[in-house]
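All chains are identified by letter, namely A, B, C, D, E, F, G and H, in their written order; residue positions are counted from 1 within each chain.
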Amino acid sequence: MTTVAKRFGSGNEAVIDAALAAGCHFFAGYPVTPATEILESAAEKFPANNRVMVPTEGEIAAIHMVAGASLAGYRAMTATAPLGLSLMSEALSFFSGMTELPGVVVVQQRWGPGDGSLGPGQDGYNQATRGCGHGDFKMIVLAPSTVQELADLTILAFDLADTYGLFVLVLGDQLLAIASEQYVVSEPVEREPRDVEYGRGNGLVLPELVAVDETAGDFAALERVGRRWEQKFAAIERDEARSARVGDEGAVDVLIVAYGSLARIAEYSLTQLRERGLRVAVVRPITLWPFPREAVRSAASEATLVVVAELSMGQMIHDVAEAIGRRPEIFVNWLGGRAPSTGEFATRVLAHCDELQLEGTA
Amino acid sequence: MAKTVGTVTIAAQLCKGCDLCVVVCPEHVLAMTEAINDKGWPVVALVAEGCTGCTLCADVCPDGVFAVYREERSVGGGRR
Amino acid sequence: MSEVLSIVLTGRGGQGVKLSSELLAWSASADGYNPIQYSVYGALIRGGEIACSLAASREDPGVPLRSDYALMCAMHNDWFDRYYPLLVPGGLLAYDVANITPSSLTRSDIEHVAIPVAEMAIGAGDPRAGNMVVAGVVANVTGLASRDALEKGMTEVVPAHRADRISRNLAAVETGYTWAERELRDSFAAWRLQ
Amino acid sequence: MKLVAQPDESALAPHGFDFCPGCGYGSVLLALTDVVRTMPQQPVFMVDIGCVDFMTAHMPGDVLMGPHGRTSVLASGYKRMRPERLVCAVQGDGGFMGLGAAESLHTAVRGEQITIIVLNNGVLADTGGQLAATTLAGKATSTTPEGRAPQHGPPLPFLEMLATLTGVAYAERVAIDSALGVRRVRRAIAKAFEVQAAGAGLSIVEVLSPCPTHWRMDSVQAWEYITESVRTVYPTGVLVDRTKVVQ
Amino acid sequence: MTTVAKRFGSGNEAVIDAALAAGCHFFAGYPVTPATEILESAAEKFPANNRVMVPTEGEIAAIHMVAGASLAGYRAMTATAPLGLSLMSEALSFFSGMTELPGVVVVQQRWGPGDGSLGPGQDGYNQATRGCGHGDFKMIVLAPSTVQELADLTILAFDLADTYGLFVLVLGDQLLAIASEQYVVSEPVEREPRDVEYGRGNGLVLPELVAVDETAGDFAALERVGRRWEQKFAAIERDEARSARVGDEGAVDVLIVAYGSLARIAEYSLTQLRERGLRVAVVRPITLWPFPREAVRSAASEATLVVVAELSMGQMIHDVAEAIGRRPEIFVNWLGGRAPSTGEFATRVLAHCDELQLEGTA
Amino acid sequence: MKLVAQPDESALAPHGFDFCPGCGYGSVLLALTDVVRTMPQQPVFMVDIGCVDFMTAHMPGDVLMGPHGRTSVLASGYKRMRPERLVCAVQGDGGFMGLGAAESLHTAVRGEQITIIVLNNGVLADTGGQLAATTLAGKATSTTPEGRAPQHGPPLPFLEMLATLTGVAYAERVAIDSALGVRRVRRAIAKAFEVQAAGAGLSIVEVLSPCPTHWRMDSVQAWEYITESVRTVYPTGVLVDRTKVVQ
Amino acid sequence: MSEVLSIVLTGRGGQGVKLSSELLAWSASADGYNPIQYSVYGALIRGGEIACSLAASREDPGVPLRSDYALMCAMHNDWFDRYYPLLVPGGLLAYDVANITPSSLTRSDIEHVAIPVAEMAIGAGDPRAGNMVVAGVVANVTGLASRDALEKGMTEVVPAHRADRISRNLAAVETGYTWAERELRDSFAAWRLQ
Amino acid sequence: MAKTVGTVTIAAQLCKGCDLCVVVCPEHVLAMTEAINDKGWPVVALVAEGCTGCTLCADVCPDGVFAVYREERSVGGGRR
C-alpha cells in the first residue's frame, strides 16, 4: 500500500511528485520558462528514487530519449513550454501518431508567438489540440486548473497513454507552474516495464505503417491502418471527454466556458457576478481533446449568454462555437502574458452583459 | 599435390546484374547473361570451370546471391 | 475580517523578496493554514522587479492572482505604484524606510508603518538579510506563522547548497518577529489570522 | 564439397533486398547479419529514415524506425533503461551528420553506451541524391547541379571530430570497395559490439558505401570512386580505440 | 514589360517559375517528398537567374536562412512537406508571429503522421491553419487545386506576405506536386529589396515585443502589441477570405466542400452526380486561413445536404461545421496516401445520399 | 587632466545593463562597443536568446533577436543577401553548442562570411543555471545537483572541433578574468571583424565569461574560477588563423 | 470517342517507364495538346512498381488520377492487376511480350497487342531502351505526338548530365514509331487524337 | 621627474558593487561603501589619493562605471 502525503509546493514540483507516484522511471528535458522547475525537481528526485533523468542539449533530443525509454517499456516523460513543444512536434507525430508509443509531456503555457512573454497565457491550445506536428493524429490533452489537479491529471495522463498507446499532453500554464499550494500525492511507486510486443518478421518492427507497406506500395493496406487509427480516435472522443461545472444549476443567464487557471479565476468571480443578480455557471473542459462537446452544448442550450474566456486571441472559442452551433455571444480575453484578477474578470464580463442589456433572473 | 576446387550456386532471382562479382572473380568464371529475372535485372552465371571456392564473389555481392563450396582434391601422381 | 488573508511583498529580485514569501507560505502551511503563493516578475531583467502574492486561509484560499491585499510590504519603489492601489481600505502598508520615497504614501484610507529594515538586519548580524527581517515582521503581524513553523519552513526553502545561511537567516527573522511584537501589536489586529 | 560461404537466409527473406544494383547497403546488411549470428544476443536496432530504412525488414533483431536524423538519441533513451541489451543505431550520413548533427554530437559527448553504424554514401540518397555533408568537392548532385562549390563548404570530417571526444570509445571507418573492404566492415561491426558489451562508451563504424544510382556510375566505377576519391578525403582505418587505454 | 510564357511541367517546377516571376531572390531548403523537386528546380534556376539558393543541412537551418534573407529586404522562400513544417514551426512562430517578417513556404502534403505515406494526402490542414508552432499567431494559407493555380497563388503569397508582414503558406499536395500540366507564368523579375525599418534606440531592434518590454516587465505594453496583432488578424479575416464555386447556381441538393486536388476531383465528379438527377455544386476554399466562412455558410444555407471531403480523418470539417452552425451531413474521406478517381468520388457521395434518401431536384 | 578611458554612453543608455553584479556580459558589450566605434560601418547583430539577449537594447548597431540556438544561420541568410554588410551573431554556449550545434557546425562547414561571438559561461544562465555542454566536470548545476557526472559526459571542446574545419578562418578563445583578459576580448573581436571584412571565412570568438550567480560565487571568485579551472579545460588563445595562410 | 484520351503505362521503375511518359506528355504539349501526367509509385522501393497516367485533350484534360484508360501499356507483371481492370471497354492493352504472363490477358471486351520490346530495342542499338520503343509505339498509335514533337520533347526530359543518350533514345523511339505505323495501323483507330 | 597622476569619476547609479575594481586597483584607492544606489546595490567610491589613471578599473568594470583621467605632473626639483 502506498501512503499519501500532504505537501506544499509549486505546480511544477507537484508534477514530479505525481510522476514518481505514477511509476514514471525516465525523464529527459531541456529548460524553458515556466517549466524549468519540473526538470530541476526531476534532477533531484529521479536519481534519488533510483530513476533516470537526462538533461539533454535540446527539446528534440529530449523527446526522442523519452520515446526510446518508452519503447523499452518504461513510463517516461518530459516537460516544456509550447515553444519547446513546437520543436518536439515532428517527433510527437512520429512516436504518438505513427508508432503508438505511450508517453507524457507536461506543457506549461506562457503567452505569445516566438519567445513571447514570460507571463501567463493560453497560447498552446491550438497546437496541443490539433496542430502539434503534421499528420492525421491526435493526442489527449488534459487541462488542470489547480496544483492538486495538475498532480492528479499527470497521473491520469500516464494511465491514458498506456491504455491508448499515444502521448498525453498535460496543458498547464504559468500560474499553475509557479504558484505554490498544498497538494496530496501518494509516495513513489516502482513499476515493472510493460511488455513491448509488436512482433513480426525477424523481430519487432515499428512502425506498423512500414511493416504493412514494406514490399508492396500498397496504399490500400496503409488506408486500413489509417482506418484503425480513425476508430481509436473516435473511441477516445466517445469515452474520454471530461469537464466540470461550477455555479448555478440548470438554466442560467450567463454560462462561462474557460479552462485551466483562467477557469479557476472565473469560478471565483461568480460571487461578484451573482451580486448583480445573475444566475451564472462555469463549464470547464478538463480534456481539451477530446473536447467535451456534449457537456458544453447542453449547458449552453440552457444559457441566455455564453461567454468564452481565454488568455489568447481566441483558440478554444472555435471548439465552443462548433459545439453549440453558433458563435458565443461574448468573448473576453487577456493577452501579453497578463491574467486578470477575479474582480477584473467579473467587471469585464459584466460590461459585455450590460452592452447586451442582459437582465438577471436570480 | 592438393588442388583447391570449388563451385558456387547462384540465387538468380536475387541478382541485380551489378557486375561486381564478375570483375572480382580471380578465375574469370562468372559472366553476365542475357537472361532477365523476375525483378527485371540481368543475371550472372557460372560460365566456366576453374572456380576455386575463394568466396570473393560472395564477399562482394551486395545481394547475397552466392553460396560457395570448396574442397581439397589431390591431383597428379605425386612424386615423392 | 475576511476568511482569507491576502498579502503582497514587492521589491527587487536581488533583495530576496521571493525567499521571504516562500518562507511565509511554507511556514503557514506547517501551521495548518492553506496558503497559495505566486510571484510576478518584471520580464527579462536580472534582479528586476518582483511582487509576491500570498493568500492564506483555514479553508480555500482562492486564486493566486489577487487584487484584495490587506497587507503590502514594500521593499523598493519599483512596482510600488502597481500594488499600492490594490490594498483594500483599512489595510496596512509596511515599508522599508530606506527604500520607499515618503511622498508616495498618499492614501489616507490605510495605515502606514515604516520598518527599519537595514538597521535590524545589521543588528541581526547580516546586512543582506533584510528580506528575512521582513518575513519575521509579516509572520508576527499577520499571525501566519509561529516561530516553530518559521524554523521548519526555513529548512524547506533554503536550497541545500546554501544551508550554511539557515541560522543567520533565522536570527534576522527573529529580529523582525520580536520587533513587530513590540511595535506593531495593535496595527493589523482586525485582519490577523487566528 | 564443403559449404564455405552463404548469406543468412532470414536476412534475405522474403524476396531479397530492395536496394539498387551495386548499392553498398546490401553488403552492410549481410555483414551485420553475419556478425549478429555469432553473437550470444540479438541487438535491438534503431534505423533512420533514408535508403537505409529499406533495411528495416531485414534486420537481425527488433527494429524501431525513428525520425530522420535522431536515431542516436532514440537508441540512447532505450539503452539507458535497458543497459543489458545491445543497442545499435543505423543512420545515413545525411541524418547523422546533417539534420541530426546536434544529437549525434551530444550522443558522443555523453558517451552513450550504444553502437552507431553510419552509412556514408555522399548523398541524401532516398530523396533523389541531393547534397549531403559528405559530398566530395566538385561532385554534382541534384541540388548542386554544377557540383559542390566553395559556397557549400568542403566535405565534413565528422568522425574525425567526434573521435576527439573521450565519450567515443571506438571509431573506425571502413569502405565497401573490395572484398577485403567488405570483410573489414564485418570486423569493425563485430568490434563495435564488443566495445558496447564491455561498456566502454560509444562505438561508431562509418561505412563508405557506394551509391551507383546517384553517383551516376556503374557499380564497378562506384567502387573505384571510393578507392580513388572518397578514401582520400575520408581515410579508412581505426580513428580511435580508447578500449586499449582502458585495459 | 514582362513576357508571359506557356510551359509544361510539374507543380513543383511551376512553383519555382512563379517564385522567379514574383521577384523572389532567395531559396533555402532541405529535401522531402513530395516537395524535393522544388529545391532541385531552384538549384537549377536560382543561380542561373542570379539569385541565391542554399541547400541546407535541415529544415531548421532553411527557415532561419529564409528569415535572415527576408530581414535583408529580399523576397525569400522555402518548400517542404508537413513533416518538415513541423520542424520549422518554432521559427515560424518567431519570425511570422513575433517579428512580422514576410516570407513564403510551399508545403506539399502527403499523408499520415510521422514519416507516413508518400501518397497524396491532406494531413497538414490543422497544422497550417492553426497549430503551426506555439503562440497566438496566424499565417495565411493558400490552397491551389491545379498547377496553374499553384503558380498563381505562389505569386500572390509573396504579395500578401509583404502586405501584412507574415509568412504565407501555399498548401499543395502530392498530386499537385508531381502532376505535370501546362501553365502560364511571366518571366523572372528582379526586385529591389524593400526598406527594413523598425528603427529605435541604437538601431533597428526586433522583435517589437522585446523593444517595448525591454526595461519594464510591462505586461500591459505587451498586451498592446497583442491587441495590434489581434486587429491585424481580424483585418485579414475580413478582407482576404477567398473561395470558388463550381456547378449549379443557387439552391442545390448537394453542396460539396473540398479544397486542393480533391476539390478538383470533386468538380469533375459533378457530371456523374448530375446523371443521378441531383443539383450539385462544389465550394472550394482557396484561403484555408482565413477560412471563407461567409461563402460556405451562405452556400450551405441553400443546400439540402452538405458534404465535406478530405484526404484526412477530418480536419477542415471543423471549420465547415463552425461556419454552417451544424455538423455537415456527409463526410467522405480517403486515408493512407490514397486519393479517389472521379468515379470513386461520385460513387462514395451517392452511397451516402442514398442512405439519407435524398431525392434529386434537377 | 586628459580623459583616457570612458565607456560609450549610448551603450549604457538608458539605465545601464541588466546583468547581475560581476557578470562578464557587460564587459563583452563594452568591448564590442569600443571596437565598433572605431570601425567604418556598424555591423548588424543577430542576438540569441539567453542572458545574452539582455544585450539587445545596448548593441552598437541594428539587432534582430533570433530563436534560441540558431542565430548563426539567421545571420548567414542575411549576409548571403547583403555581402557588403558586417554581420555578427552573438550566442550563449547553450545555444551555440547545444540546441543549435547542428546549425553552428554547418555554418562553419559552409564557411559563412560572418562573425560569431560565443559567450561561454558554463551554464544555461537565463533559465536558472542548468547544465550546459560547457559545464566543467563535477560542477553542480540546477539539473545536476550532485555535479556534472560521467553520464553527462565531459565538457565539449566545440571550438577546437570547429577550428579543424577549413571554413573557419579565425577562431580565438579569450577570457574575462583580468584586465588583460578584457583587453584581449576587444582585440579578438576587432580581429574577427577584420577577417570578415576581408571575406576570409567564418570568424569565431569564444569568450569565457563569469556567471557569479549560477556559479554560486562572488565576482572575484568567479574570475579565479576561470583562471584556475575553466582555462585548464578551455585554453585561451588563437586556435586557428587561416588568414595567415591566405596571405 | 471521348474528347480526352487517357492512357497508362505500368512497369517497374528501373525500366524507365516514367521517362517514356514524360516524353509523351512533353511532346503532346509541343504538338498543341493539353496533357496532364501523373505517376504513382510503390512506396519505399527502389526500382519498384510504377504507373504513369497520361491524359490529353485539345481542351481541359481533367484530373491527374484516372480510371478511364483507353490504352494501357504494360511493361511488367507488377501492378498489371491493378490497372488492367481500369481499361474501358473497347480499349487496347499493348504489352511487352517478354514480361507479361499471357494467362493474365483475360478480358474479351478489349483488344490485346504484344510488343516485341526487347527485340526492337536491341535492333535500335540499345537493349536498355525498351521504354523509348514503347514511347514511340504509343505516340504513333494514339496520335499524341509527331516525330518532330518527340524530338523536341526528348531534349526537355533527358537531364543535362545524360545528354549523350539523346540520339540513342531517339533511335529507339523511331523504331517503335515505325513498327506501330506498320503493325497497328487499325488498332485503336477509334480513339486516336486528331 | 614626472609623475603620472590620475583620477576617476564614478557613475554610482550604474555600479553593482561587484568588487572587481576594488580588487584590481593597484593603488588600493577604491573601496566599497555602505551607500545603496537606486538599483539597490552597494556602490564603490574613490576613497584615497594616489590614483595613477592606469585604467585597470575601467577595463574590469562590467558596468561601465568609470571614466578615467590622467596627466603627467613634474614633481620635486629635478636634479640634473
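Just so we're on the same page, a contact is a pair of C-beta atoms (placed from the backbone, for glycine too) under 8 Å apart; a residue touches a chain by one contact, two chains touch by 3 or more.
The shown structure was predicted, so the numbers you read here are calculated from the model rather than taken from an experiment.
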Distance-maximising chain from subunit C - centres being C-alpha averages: B
Between A-F and D-G, the pair with more C-beta contacts: A-F
Centre-to-centre distance between subunit C and subunit A (centres being mean Cα positions), rounded to whole Å: 34
Subunit B and subunit D: spacing of chain centres that average the CA atoms, whole Å: 28
Whole-Å gap separating subunit B and subunit H, where each centre is the average of the chain's CA atoms: 88
Centre-to-centre distance between subunit G and subunit C (centres being mean Cα positions), rounded to whole Å: 85
Touching two or more other chains - residues of subunit B: 39, 41
Residues within subunit A bordering two or more other chains: 54, 57-58, 90, 94-95, 99, 114-115, 117, 119, 207, 210, 213-215, 219, 222, 337
Multi-partner residues of subunit F (at least 2 other chains): 11, 15, 18-20, 23, 53, 65, 67, 98-99, 101-103, 105-106, 109-110, 133, 145, 151-152
Footprint of subunit E on subunit D - complex, ascending: 49, 65, 67-69, 97-99, 101, 124, 127-128, 130-131, 133, 142-146, 151-152
Touch list for subunit H against partner subunit C, complex: 36, 38-41
Subunit D-facing residues of subunit E, complex: 30-33, 36, 39-40, 43-44, 47, 53-55, 57-59, 114-115
Subunit E residues within the subunit G interface of the complex: 8, 117-119, 175, 178-182, 261, 264-265, 268, 337, 339-344
Subunit F residues within the subunit D interface of the complex: 98-103, 105-106, 109-111, 133, 150-154, 156-157, 160-161, 164-167
